[in-house]
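These notes are about the structure you will find just below.
Letters are used for the chains, namely A, B, C and D, taken in the order the chains are written, and counting of residues starts over at 1 for each.
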Amino acid sequence: MAGAHLGADVWLSEYITPYDMYVHGLTKILAYKKTPYQEMYIVETGAYGKALVLDGKWQSSVGDEFIYHEALVHPAMVSHPNPENVLILGGGEGATTREVFRWHSVKKAMMVDIDGDVVEACRQYLPEMHQGSFDDPRLQLVIGDAFEVIDNSSAEWDIIISDLSDPIEEGPSFQLFTKEYFERLKRILRNDNSIVVIQAGPVSPADVHLHARLFNTLKTVFSHVYSYFAPTCTYGSPWGFILASQTPINTRPDPEQIDKILQEKTKGGFRTFDGIALLGMLNTPGYIRKKIATETQIYTLDNPPVFFGQGVNK
Amino acid sequence: MAGAHLGADVWLSEYITPYDMYVHGLTKILAYKKTPYQEMYIVETGAYGKALVLDGKWQSSVGDEFIYHEALVHPAMVSHPNPENVLILGGGEGATTREVFRWHSVKKAMMVDIDGDVVEACRQYLPEMHQGSFDDPRLQLVIGDAFEVIDNSSAEWDIIISDLSDPIEEGPSFQLFTKEYFERLKRILRNDNSIVVIQAGPVSPADVHLHARLFNTLKTVFSHVYSYFAPTCTYGSPWGFILASQTPINTRPDPEQIDKILQEKTKGGFRTFDGIALLGMLNTPGYIRKKIATETQIYTLDNPPVFFGQGVNK
Amino acid sequence: MAGAHLGADVWLSEYITPYDMYVHGLTKILAYKKTPYQEMYIVETGAYGKALVLDGKWQSSVGDEFIYHEALVHPAMVSHPNPENVLILGGGEGATTREVFRWHSVKKAMMVDIDGDVVEACRQYLPEMHQGSFDDPRLQLVIGDAFEVIDNSSAEWDIIISDLSDPIEEGPSFQLFTKEYFERLKRILRNDNSIVVIQAGPVSPADVHLHARLFNTLKTVFSHVYSYFAPTCTYGSPWGFILASQTPINTRPDPEQIDKILQEKTKGGFRTFDGIALLGMLNTPGYIRKKIATETQIYTLDNPPVFFGQGVNK
Amino acid sequence: MAGAHLGADVWLSEYITPYDMYVHGLTKILAYKKTPYQEMYIVETGAYGKALVLDGKWQSSVGDEFIYHEALVHPAMVSHPNPENVLILGGGEGATTREVFRWHSVKKAMMVDIDGDVVEACRQYLPEMHQGSFDDPRLQLVIGDAFEVIDNSSAEWDIIISDLSDPIEEGPSFQLFTKEYFERLKRILRNDNSIVVIQAGPVSPADVHLHARLFNTLKTVFSHVYSYFAPTCTYGSPWGFILASQTPINTRPDPEQIDKILQEKTKGGFRTFDGIALLGMLNTPGYIRKKIATETQIYTLDNPPVFFGQGVNK
């Protein structure tokens, strides 16, 4: 009556909390490298196909990455009147860029990823993810430090998408989730229609305070801030996102109206996003809103986020 | 850079697919029994508190059961003009009953669970879940076979809630997820306002076909059928539900209107459900709707569902 | 081609090193308690039957405990001309005592275990292990502190058997593996024929230095010290033992002679011990002897052993 | 008090029984390939260094392979008066060959391994294992089928070493563990002094019957058969070996005499083997001898062994 017929010998343990693991069975190793920045695996899994794993943390898999990437990109894009210049921080798989390029209005997308080895390996091994987006002439790919790009950029961005890896202790990205960093992002926005969207951590009850603190932090910088989530299955937790702008965003859009916009302004090909999905996403579960309403802490360079990885949540 | 500081020695592996496990660290065993029907654990976990586990399958935990139980109960209740008689199939923890009794209109709730040992243990060890609902005078608790209750019931139910364990191979519940069973349920509904709601399996991309088939099956029996989901974290997958009725249900409710209804017609105490949450739930991700639109199979007694457990998905 | 059909849902992870785990599938929980001293499980496993687990560390299982207990007890007993008084430190399962009572010459066995709850549970749930040894009139069972017994004992013991749990960090037993403690043991030996034997840690290459340091430590106290091991399967490592005495022990015994002694002086019933097994045990692999020859550290109260558990090996 | 600080994210689960796993934490992937015969990993582990893994089964690791390979090779070699021609079946790592070449008398060693990709990868990535043995002019390396070599060989071998992977169901090697195969081996032995030695499965109590059946099977073919074992830590079980010959082997050798032979007839460099180790090995635990004495089954082509892997033990 007990047990199960497992399909794998080699397993990747994603440590979610000290008491929760999502364990992925691997069927093939496609690429492995210790880069100057992190340990990279590109693997094949039995249930979700090929996947990218960095420092033991599941980044995305072919079988369900669309849930994450479409949620990350399109609510911001569709809420902007005419997104031309898009800045992508992180996003090594090329899937965020792929979604951005669905929009006809986009004239320039700059993607900044610190790890050229990862980008190169994704390009080679994960064509299902980038789908040629690395070759789009509108793309400016910068292998380098996001800080530098932000410091040297002019106020030109319609959309800034923060697709960074989680701010785990001693990881390279935790400073990029602070008030100081969000203020710098604000300075390089083109105008008040511009929108920032960030991947904003797990929203499981055990971890939703992290998301709430990111919300709080953005709220100290932007006039209008919105939390939403997507059911990212292979992360072992639903995932939070936050939209921030100086202009309000309509959280009760008319689905048919949205579908019409998508038809006119994109080349289509969405796997889960449409008007109904957007309406659903922007109307979030009460427990997330309650946590945001009661959480008081904000993240600063002096008090940055520390997600569970090797350390503990803060 | 790798690994993590784990908090437990004893781990419960929930086998989601042959290549995916959600593994829960246990910090205490509160009760254990091999009942005539199943193997029961009531445990304490580090991240989500006390939990009920049957035949190795995670049923619910104190820390996140509200996400499942509020989603299971309230969309049906709020969509009915005046729910008086409620039939609950399964629901051993008493949490479904707890949610039903939030509604002032409820005159009778009959809960049918096959396993008296489990109900007794939940009553004793999980007061956080039932919160006294077992002592409500409106409750008729039947320890027995759901089939028998259904066969002998008159057409009296305003709401029927199927809170059964998953239809795993050789499990006791798989027949209760078939066309023939849904037809019997229809016969004991009070009138065309009556609503059936079922827990309808995982909606992760790897498993969403199971949900789609349940939808298809209900569609052969009821005029109006609606799929929705909740981000049930500790199941290792978001979870699907299906509403079925002979009367249409409004999937674009006005959140403020819903909140007003909740204030008038319930005693409150919701942890995540409200008007906004309902609007979000009823507007589902596109990939679920697409799977439902293309899936053609239905479940019958001759071709019942077989979820992954010890066997394989069908 | 990959994977396996597993038999359990609940698993006990024994952490051997930060990179090695032996994971035991549990089929039943027989008893569970947080005692004042430790967390106790008595479980049933599929491959090795019932087992005792303390603080997440596998103590012994019905299916292979004879390998450990016969190796712990009989080399000392058979090497002593006439063992009458035997002191057992630890040994909660009653299996060490069971083996001691095979010897006709034994007049008194005092067993000292700090945790009465564990002893009581073993008595109730593990009759296969103690086999009634708790009821032998020659047994003096002391629930209390080994230190106190040692301090208050006169020089009366022919054999002292240290069957303590591993000296993990912040565990209760680590002081009992130090030079100072071994000196106290020496003081309560009856005469120069007396023998001390200790369970002396894993002898896998990754951990054999711990065994070597225990050997070194005993060598500073006793004239004659001997290392040996047994292939304790469910520990995830072969296990080391050390004999110490003021009189030499013959490591090349004649097997037939030993078998004759066993026949005369014991009631029999051995499952693995005999003359050939003793000859094999006392002639150990070279890598253990080489590690002992080169290891220089000793354990004292100021520098006690710290085995991997929650901490790190020292 | 519970849990541990783990060092790895990616884990290899070695399924020992349906209820027992040895789980190895991987710190690096050095090579990965799906060869025509099997899935190969060469990995780095935290506790035992580099390791070879085939079809999810741990083959050997730099940190403890000497325990296996010295036990496999030297009892046979030292028991033969003058081993010149040695046939090695399997042994892809080159470590068995390495040990054979310690003996001055060896004129020819033929190693037959079916998987050239594995041999090539070991040659490149595991120099610690082969230590140049692939380049020894006495080596004849045959990438091919052991059956063919056996069928076409003349009666020339002083020593035949069967270092094959376990006979798991549908694996390539199970026929090579049968009576018919052992009869063929006998036919290609040089003379009555010749010795066959095989790796003969785990000797943990849960699996020792497999070893006993192999012993029985060899006993139907050879006049003199001897079981022994080595404490192979990372296999999650001590490992059995069997010597078979038409001439008796001395199981009570004089250790000092053996050490003298080793000094004269080998180039040294042993990490665990010597006279004392040999005396210990040849005098085995009683439970193994008892199982051999009572087990009646033998393995034939019609009734071959099936070790636990994906299937079940037989």
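Convention: a contact is a pair of C-beta atoms (placed from the backbone, for glycine too) under 8 Å apart; a residue touches a chain by one contact, two chains touch by 3 or more.
Predicted model only: the values in this text are computed from it and were never measured.
Listed here as common contacts of subunit C and subunit D: A, B. Between the chain pairs A-D and A-C, more C-beta pairs are in contact across A-D. Note: centroid distance subunit A to subunit B, computed from Cα atoms, is 31 Å.
A straight line joining the Cα centres of subunit A and subunit C is 54 Å long. Of all residues in subunit A, those that touch two or more other chains are 2-9, 11, 13, 15, 18, 25, 27, 55-56. Taken as a graph of touching chains, this assembly is fully connected, with contact between every pair of chains.
Interface of subunit B with subunit C (complex): residues 3, 8-15, 18, 26, 28-29, 32, 34, 41, 53, 55-57. Subunit A contributes residues 1-8, 11, 13, 15-25, 27, 38-39, 45-48, 55-56, 63-64, 66-67, 170, 203-206, 229-231, 233-234, 236-238, 252, 255, 270-274, 276-277, 279-287, 289-290, 308-310, 312 to its touches with subunit B in the complex.
The part of subunit C that touches subunit A in the complex is made up of residues 2-9, 25, 27.
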